[in-house]
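Pasting a structure here, questions to come.
Chain lettering (A, B, C, D and E) follows the sequence in which the chains are written, and residue indices restart at 1 in each chain.
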């Protein structure tokens, strides 16, 4: 495991599972969101916040449970996968109605899946790239024909690619489905005021309506973390997601509030441009920066960094320092690998050996928010001693994405929100031509085992393959992973029944106010 | 008078047209492709292209401008790329918020600024004058956002008198609305009050030393009507002009104030839209701001004309 | 026709007021001439167009129509560059002793400026000529380093005179140079102007509204009313026998500083308002205030002709070879 | 008892450069129905003297001493409240600048009616019709139309008449006119002066007329006071003053007028000048303030200040070496 | 007078301050958010950096932004205003329309737009602020020129045959300097606050460069834990703008006799 992964004092966070207080019927829960979700269209949505709202209004074929295990949601069981892995048959719940009262059936599933796969603006196309055909077998069965065996498919179906939209609404709204989404869910979309709030109401047609307690949820967008915390303290909101690490302690100290944590799937670190010269999906080429050219210098750079210190100063010790893209509790992790610790002496040696004149200029792009800027400054300070002269260049999110993909950067702070299946954390990110392979990593030692693993159903075998991938990636060092982030959900003590798992999405379907 | 308004309208139309071109080009000059932002970091190139096409971003600029301007003239500003909500609808939600904030701030500013200015001018060189002038200078020098932060620190964090931030619509909960708007309005109004105070004071000193005030005194009028009728009436033209000129500052201030107090108004919308490269929203918001700005200045001109008989009759402002 | 230094012919100047679409007919067909060494006094009420004529003569403003000749050159259409050498011969003295001197320059610089502009003198020569000129206008050499705001009104006007005269111009346009001064100071400046004029022999267009000043200084007088000249002639003759009703009114309205005579005088008080140059009355422009106006006056514009004497033309229908209107009679 | 008696009036102003002595010991009287002219060069204290009567000087910086009695009532000690009852009613003022002395924001009618409503307790309508009568009185044609107009719609001469209408609205006993015609053309000046004469004759108003134009003095005043550097240097009935000025300054002023030009030996017409400048108002010289410019000054003038002496009925002059009794410069005036 | 002292003080702080205080970039992970103490007079920030040092260094950045942007705006705006006012007939209508267009945008909106287009950095903030400032400067200059053109001494120069350039630069411009100096002095506080505001909105000077706006923004996150961090940068902004405002008022009184109050 990673050095000192749990060494820092974490706030005592109670899991939601442990909360088995009785929940009374009725009430409105106001929950603060940390950013404005994009359009609530499962096909096009790309934000984490969108996924949070979808937990209330758009159920999926599959879901994960508290242990990050895949469980059926709109399906009745895990799918039947043919021997060759190319046919996946899914049995659907019956008697389910969309929130507009229309019936949920295999035809609807087909329509949604096809839209995810083919709609020109869909962001799910790559998720379902392996799916060749969707067939309705009978009203409660669909059959997916794949072009190749693709084990991560079920995990994809446990996310937005598995969300089923009302065909009637799709027909009526078309491109604008996201402005007025209708799915199966404990709540139905009611209204949205741009940049301010999203309101969902208890869905009368929900198949498991008896478990739903709240009448209404108001998702209130409060971007500023301090304000989010302040609103929680003042009682204006009863729950607030993604508390900033700087505000967790304050919320916890409040006698009326408590904090639970979730997440850990995501990975954050820095991308070093080693081959992205024309764009991440284009052919790689040599990059003319000291770090881009020299693996030794990259190693020296990594050796200059102290992950624990970063966690402590930047994140109040509330995150999980790590050097692997895979979550700490992932069964696919390579248990034998350890992370490097800060070693200035060795780093200096490597620098000396490289023969590059110090100070070595490094341009580090960071997203222009306070926390990332702090991270940038800490990296700058830590690597100074070794002989790097890091200039921190904050850049706004929009520009950053564009420049990352285009390869217009030397080094950048970047992150990935994480997926349940390891494939989701690697493919597209460090394989040749991956859309999000900003670093421009192109190595057969990574690409090949990754492809193989996706086609393999056996978990142990996959684990070995992924170990190869991460091992090689660590050697190439196009990406230096620093930590997994945790989500801290703050809420009033009388709020109960929230389910909060590793994906960091607070599930409010069964939430409500404690009976006593 | 009608001619005067007509001519002003003509000039405003030209400014508006050039302004809209500037807005349009400015938005396009922003680095960062909105399609990339929309598609997010999981995007496929084809999705990006599709989005670009959808928003007409693949067209030549004049065509894009023509389309946008043509629709905007009919009140159709397109849909927010962020949430697909029609921009017109968003404006309808946000505008009243900012207007409420601005009005409250204006009430604070005019109430405090004009009163203090008049008092300072009439008590020139006395304690009240120094206090008011001091306030004027300090009010001018303190940045809004710091004042906002201090306000939150004092009234919300330390004293717990007022809620830190947020907004509830007036229609839903008038009390809560005012409670939340109070601090932002005070913060926004302070700088404005300072400017008004200084200008009122200076205008009042001008009119108090004018010959006609001496005439009024020579008539044996009470000081109250000398100051309140003769001097103030003539200073009002200045005050009105300053109000118009300060409108820009007020809007600028609103941007920051809304950001600090998380008020879902125009200012916050602007900053958010810029961050997400929400072209239709940025364009509409800035355009509406400019229209509003021009419109208010037009109103100010008219008010000026009404207050100043010279202009009223000849139709020419000489100030 | 004798040689003239300045000849203005049919001068018209209309100001177009911006945005109002109005036309101010400040000067509307004025002809006058000044001979060598002659002082022409231009009098008239405020707004009658006196200063405008002065500015047109120097091309400080562009005439709308008509011509201005300096000596034998028609300068009406010369470009600014072509005009430059001619500027040696014409200079101007302004009314306001405060705004007519550049506050940033020293007196020495101000007076030296024309010399430098025309490259007449350099180096020590300049200093010498400035000193000489300052002495001539009664200012000591120590004044050279002072700035205008350190001087009294009378001293400033002397500096203005020095500046205008240092190039020994043929023509000086003096626009009310003494109206802003107190009587005692005014007297000394007037003496100075008279002396210098006689010594240096320049011609002068002297603009004023004070009749006693023109009487003292001018050889000839032109009386303006609402953009036009109504009467002109030798000073003595006009004071002795004003022919135009307006001239008569003007002379009779100026109080004499002698109570006994002043109170014995028959006075005429003009009624009616001074019309605006934006909308001048038809016919004779004075008819709205003229106590003796007849119907023709209201429709026909009288020409400025020497009906009675060739050297003193009058623009009035009622002035005929046999008769001069007398406005005091109609009291 | 005279209508107005000013004695030993001194007025100073606090300024950044020290105290300005604007008026240094002035005494004068004004009889009912009399027109008294105050004349002298710019800055000699004419306006300050006159404005001291209704106390219209800036209260913060003005230092005033001496006595001003209106009908025996001491005005200098009157509280501001009571003074306001007097302003515009017993003592009213016409200022020099007709362009700026009227409030541009209100109609002429309003501005006239205001003073009536303040002092006469008239109703709005009554005040309005009084205003029309007053405009008629000061010779404005079509007064019913003019009351509704704003000052900028009137010509300079008419504005000055409006100012006079305001001033005489409550039939004041003393009317102070501070250079009322200086800004006007001569043809218009004559008409305005006629209005003053007419008012004095019809209403018996006593007028203090401030002017630097000796022609105006000669035309309209009964008596004149000549001031120099904050003091009265000569005072006499007008005919007497012009015929026999005693003080060299008065005589100098009269001879400096262009109309008094004399032809010199060289055949040139010349004006007689008063050399030098008016002394600055800061210090109060113990000697005669005029001596540096005075052609008749002798040693005693530089050490002591002459007091006002009487030379015949009502003729006072402050000079150690007054001009003789022979008519001064009689040859050309 | 007070203004002069304040401004001089801040200039001094900007010039020598960084030499006297600790390294503003030195981080001390052991002591983040330390309250004021002997070692750190104003405490430390979230990365354990000395707050005093950052404020001292910030003075340099903030004043630089304020002064340079105004200077730049003057350098561009004054000649344009001068020429527009002087060649009133031809250039003035065009220039003034353009100025009107820019002025139709509220200052901050325009600056935000400019900064967003140019990208965040000190240099770009200066450019954005000066572009937002110069329409105002053009207007003021032009107004002065129009007034000064009518002065008799300018007519006298024309009558002497002086050329346009000489009239503009020797006669008109010097007459306008006092107004322009005052305008510059009151422009600087606007620019300082503008810089701080842009930095506060994340569009300005970027960390780790410590401008006051940047320091303040960072401090805002720790309001309840370390309120003292938010106090001083704000005080500095307020005092320096106050200084320039007072200086402007003072200069106005001295240089511009028309409004002596």
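Worth pointing out:
Definition applied: a contact is a pair of C-beta atoms (placed from the backbone, for glycine too) under 8 Å apart; a residue touches a chain by one contact, two chains touch by 3 or more.
In UniProt terms the chains read B, E = Peptide/nickel transport system permease protein; D = Peptide/nickel transport system ATP-binding protein.
Bear in mind the structure is a predicted one, so any value in this text is a computation, not a measurement.
Note on connectivity: the fewest chain-to-chain touch steps from subunit A to subunit C number 2. Common neighbours of subunit B and subunit C, by the contact definition above: D, E. The chain with its C-alpha centre at the largest distance from the centre of subunit C is A. Centre to centre, using the average C-alpha position, subunit A and subunit D are separated by 92 Å. Computed from the mean C-alpha positions, the centre of subunit C lies at a distance of 51 Å from the centre of subunit E. For subunit B, the set of residues that touch two or more other chains comprises 31, 152, 157.
In subunit A, the residues that touch at least two other chains are 396, 399.
Every residue of subunit A that touches subunit E in the complex is listed here, in rising order: 225-226, 244, 246, 250, 309, 312-313, 368-370, 373-374, 376-378, 380-381, 392-396, 399. Considering their complex, residues 151-153, 155-162, 171, 174-175 of subunit E touch subunit C. Subunit A contributes residues 36-41, 44, 46-47, 120-123, 125-126, 175-176, 178-179, 192-196, 220, 222-224, 227, 230-231, 234, 236, 281, 396-399, 401-402, 404-405, 428, 435-436 to its touches with subunit B in the complex.
Residue ranges of subunit E in contact with subunit B, taken from their complex: 97-98, 100-109, 112-113, 116-117, 119, 189, 193, 196-197, 200-201, 216, 220, 223-224, 227, 230-231, 233-234, 237-239, 241-242, 245-246, 249, 259, 261.
Interface residues of subunit E facing subunit A in the complex, by the touch rule stated above, are 25-27, 29, 32, 46-48, 116, 119-120, 202, 206-208, 217-218, 220-225.
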